[in-house]
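These are the structures, in structure tokens.
The same subunit A turns up in both complexes below, where it pairs with subunit B and then with subunit C.
Then we have the complex of A and B:
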């Protein structure tokens, strides 16, 4: 029995823009994060896996099911929880009512069991106090929790989270990481984010995407190692580094060729990500 | 075991689409019913029904025809709420969380369509409650069951139309614009030129069969056939809603669409045929005296004759006529003791019918209702008693009592008067078209005081009615500053004197009245003379005002003989 999601040479174009350009990888149990700049194709990829979008070509295999076939697409949908960037809330619904509605759409027809399930996800996402609050009165952070809660209904085997921490303050992000970390057992969790800290904190595996192509596939540690020996500190602004910035201590931190006299320091996951994205940006410019 | 079952251990328990649709229907029906548009519309509908009941009841043939209108208001709210709910189901890219759920839009649409059941039940309860209240109010005529059934069907009709338009045009303006369009259709259909040009054609097109411009008694409304037409439309709208979006059962849907259109056709053709078969002349003849299909009963020596459907009023008439005759001397109203109903309002509808009145108290189809059908509280009862009292004091033997028409006084306030047919112009057996505002005048005749006393003696509510007429005027009467303005055909001071008599012990007054009956009922006896005979004092200024009155009103007035 397959417990994996296979993405094979997935391609999709929006006009002349290649949103997905031969993406191939496999997702297994655990949390996989995907990093990439805006427009890299992350959301398009997630929407394809979530069966919202159909790719132009390539193959998707989700737990042995082919979402391109209408009959199997419904089966795939029974197995997945999807938290889109914009869940499209019904503003006049309360949290409970909205989740109850989604739970029905997820084929939970026994009212008692369904309500219990709704209460379970509400509790899990820390929304208990807001259960009867109308969605239009929720803060941005609470709405993200609600979006996560609806994706958790039915205990899906595949959880796809698109920018789940966008708009959250540091404390909320910390809580979110805790929540998601607890979900990974025997489940495929695939999340996109801009936040490298999120990936470092909760992901077993990280993908980096740029211009519709997969540029990296490995562990967060592997990603950080890409910048090994290429992250440095210096008192003067360098002229030839890929990327550099002034730190809170007033020194310059850079990623790339090490300037003379600079102090080499241990790289972070973000440094590795910047190495890839920076290099890709140079390639794009050159192209 | 299929692949899906391997992944989804609960596959064997997986619900059918119908089970999902039913659960969705429960949620959607609750949301539709609690939608502000629905709640506001329902409140307005309840008010409208209440107002209608107070205006029209207890004459059921009119009420049942009009009771669809409040449900239409409710339906408008439902349409707005449902189109919004339907839009929620359909709008893609707005709610990806919904789009990836295993329940397809088709099932969601079915859920919404099933949600129509709850508003239908509300409409049933609403109509049922209204009918029950009307029934408790001792109504006359018969209710049209098909009319009542049209209410719940219209609720379903609105919900399903809301789903259809919401699915095809998913904007927040769709519902309100559809309501505006429907109201426009109703207004257009009611236009005179359209009716004149196309005859019955516009009538079947609308959501309900409107009341004709003819009186309801001789109007024909093919409500049963129209209900079939409405049910067909419900089917059409439902299929149109389901045709939006992917569906693997197009053939079935197209088949259902054809079947629904056939039902619509049957409804339309049925209505047209029914109109064609309607024999208006025969129905009209059943209301036209003297050959009308009267239902008569003799109670306490008085014969009461009601037109078809109105026989339940006979007891009410008797309750307001009998006590007057019990109090009056035995020889009062010696002949033609008859209360008869005439189709007077039929003539108000632009028809020029000729009526033949017989001696006795005459009343109309709109007894208990005034202009516009407005319920008259106790006025109609007092009017019936006063008409009888008028006959008892020999005022006239030919008159219409209890038909209330509107008179505009100088200050713009509406007043109602008891209509009397000019004595000189109507004789038994003589046909005449009634002309309002022509009545004989009992101004300053003493028998007016006696007639008012007799009518006021019937019950406490009758007495109260007189009190209400002079309320606030006592001060004017006491200090002689009263202005002798018209109050029916009596003067305010005559009401005042009658009221004084009512405060005295009835046996005492009755004895005095019996003793001086011949004098008191003589047209030549003035109010002042009657007051003295009955042992009362004249109001200050009575004589002067009488003189002024007689001068002022001497021209054109027909004195009652």
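Then we have the complex of A and C:
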């Protein structure tokens, strides 16, 4: 069985909006992150790969299986773990009971083996002390862990994580990244994020999506290099034509055309991302 | 601690030779005396297996009331868990259904005109099924659909459980209250409207399909009800029951042809 996921010319429209506009790429072992502003099509793409949404056209090949064929779709679902952007929970369930329920859906019929598997993912995601706590009493960070835990049931070969660090404070994000980076051995991990720090910290490869199209595919270092010679600092507020922001040191940092008298500095991954999506990234922050 | 256990007592305790009172006393003392705890010879393997067994008991699944009822009725535990998360299988829903049906039966028995019981009974399974599957009723629907468990099987499982429960409630109320028009007239229309909901659900969310079916039924009742008396019995006459059967058949065919749509998350 192939160990790759091939996405070929995937297209999907919501009314007149092209959510996916001819998306083509291949995923292999390791962690691949996808960046993009709100509405770029990231979640739509992840939902298609997770087989919950059918594209209008194009081809998906997941480990040699075609999820458009009902007979093979179930086989694909046996190989994948999916953490949606907003996973729903049954609030009155304990963490254990929720995971037990999902494990039943993942065809783990034998109760003893299933309960052991539930305990395994609970321990793996650091939820041991909350195992018997009702979901309605969990903090946002713990709920993200529970969402990750359900995706790990059955040790899937393909892990799809939609905004796994959304809504987490910096310390929780750090711990979550640690957890996710430990999952990549012999596994295809595909995650979407708004956080360029997530990508820099844990991804071997990064994709940038904008307006339903793939705009970049390379390493995080390659993405940063896109902004080489285009990132600058200046004491004077530049014109609004430049993408810029005020730093903690009180100077203005910008990306793009260099204003007169500005000092050019080394780019980061975020600068490369801004070179691609431009002002849309700031609209995203505001949203 | 001013006193300590005798070594012989500890040995007898470990061998299980002390009676219940003496054992309780030894355990109470050891709980607060580190020196006496050290007298107990521990076997790491035994400790590990005991701890593991204890952990399995403490850290295990908890059965809800509905799950207990279902398993007591012979439903397998795994299936009971899949059914118990359905909003229309929760005690609050079942209780409100019983109260509504009882009220409708009492109101109808007064023969003040409009036969509330006959009008409402077919809608119970429709609304219950509308909440049994899909984005509106199932908060974990997205994860559910991405799992290998066949969504159509899950839909039919929940539809069957909800329909059976509501029909039992309506049937019991009908039997107890004694419908003047005859027992069970509502049964076939109930099944027909449920199947129509499932057929419509292949094109829209299941909850929306349930609302559309409910709206259609309400219009039909309003159109047929006699202006002076509000009697709606013509809807349940023999020819109408035959028509209902035909619609049920068509609905079943549509569902059969398009049920794969339930295997995606948009329903």
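In this text, the second predicted complex is superposed on the first by the 275 of 287 C-alpha atoms of A that agree within 3 Å, B and C clash if a C-alpha of one lies under 4 Å from a C-alpha of the other, contacts with A are read in each partner's own complex, and residues count from 1 in each chain.
One rule holds in what follows: contacts are C-beta pairs under 8 Å (C-beta built on N, C-alpha and C of every residue); 3 or more make two chains touch, one makes a residue touch a chain.
Quantities reported herein were computed from a predicted structural model and do not represent experimental measurements.
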Clash or fit, subunit B versus subunit C on superposed subunit A: clash
Touching partner for A:132 - first (subunit B), second (subunit C), both, neither: second
First, second, both or neither for A:87, with subunit B first and subunit C second: both
Contacts of A:175 with subunit B and subunit C, given as first, second, both or neither: neither
First, second, both or neither for A:143, with subunit B first and subunit C second: neither
Which of subunit B and subunit C A:18 touches, first, second, both or neither: neither
A:187 touches, of subunit B and subunit C: first, second, both or neither? neither
First, second, both or neither for A:115, with subunit B first and subunit C second: second
First, second, both or neither for A:54, with subunit B first and subunit C second: second
First, second, both or neither for A:78, with subunit B first and subunit C second: both
Subunit C region in steric overlap with subunit B, selected from 149-157, 185-193 or 221-229: 149-157
Contact residues common to both interfaces of subunit A (with subunit B and with subunit C): 47, 50-52, 74-75, 77-78, 80, 82, 84, 86-90, 97, 100-102, 104-107, 109, 111, 150
Contacting residues of subunit A [partner subunit C, same complex]: 47, 50-54, 70, 73-75, 77-78, 80, 82, 84, 86-90, 92-94, 96-98, 100-102, 104-107, 109, 111, 115, 119, 131-132, 150
Residue numbers on subunit C that touch subunit A, as the complex places them: 55-56, 58-62, 64, 77-78, 81-82, 85, 138-150, 154, 260, 263-266
Residues on subunit A engaged by subunit B in the complex (per definition of touch): 1, 47, 50-52, 63-65, 72, 74-75, 77-80, 82-84, 86-90, 97, 100-102, 104-107, 109, 111, 114, 147, 150-151, 157
Interfacial residue positions of subunit B with respect to subunit A in the complex: 3-4, 6-8, 14-15, 19-20, 22-24, 27, 88, 91, 94-104, 108
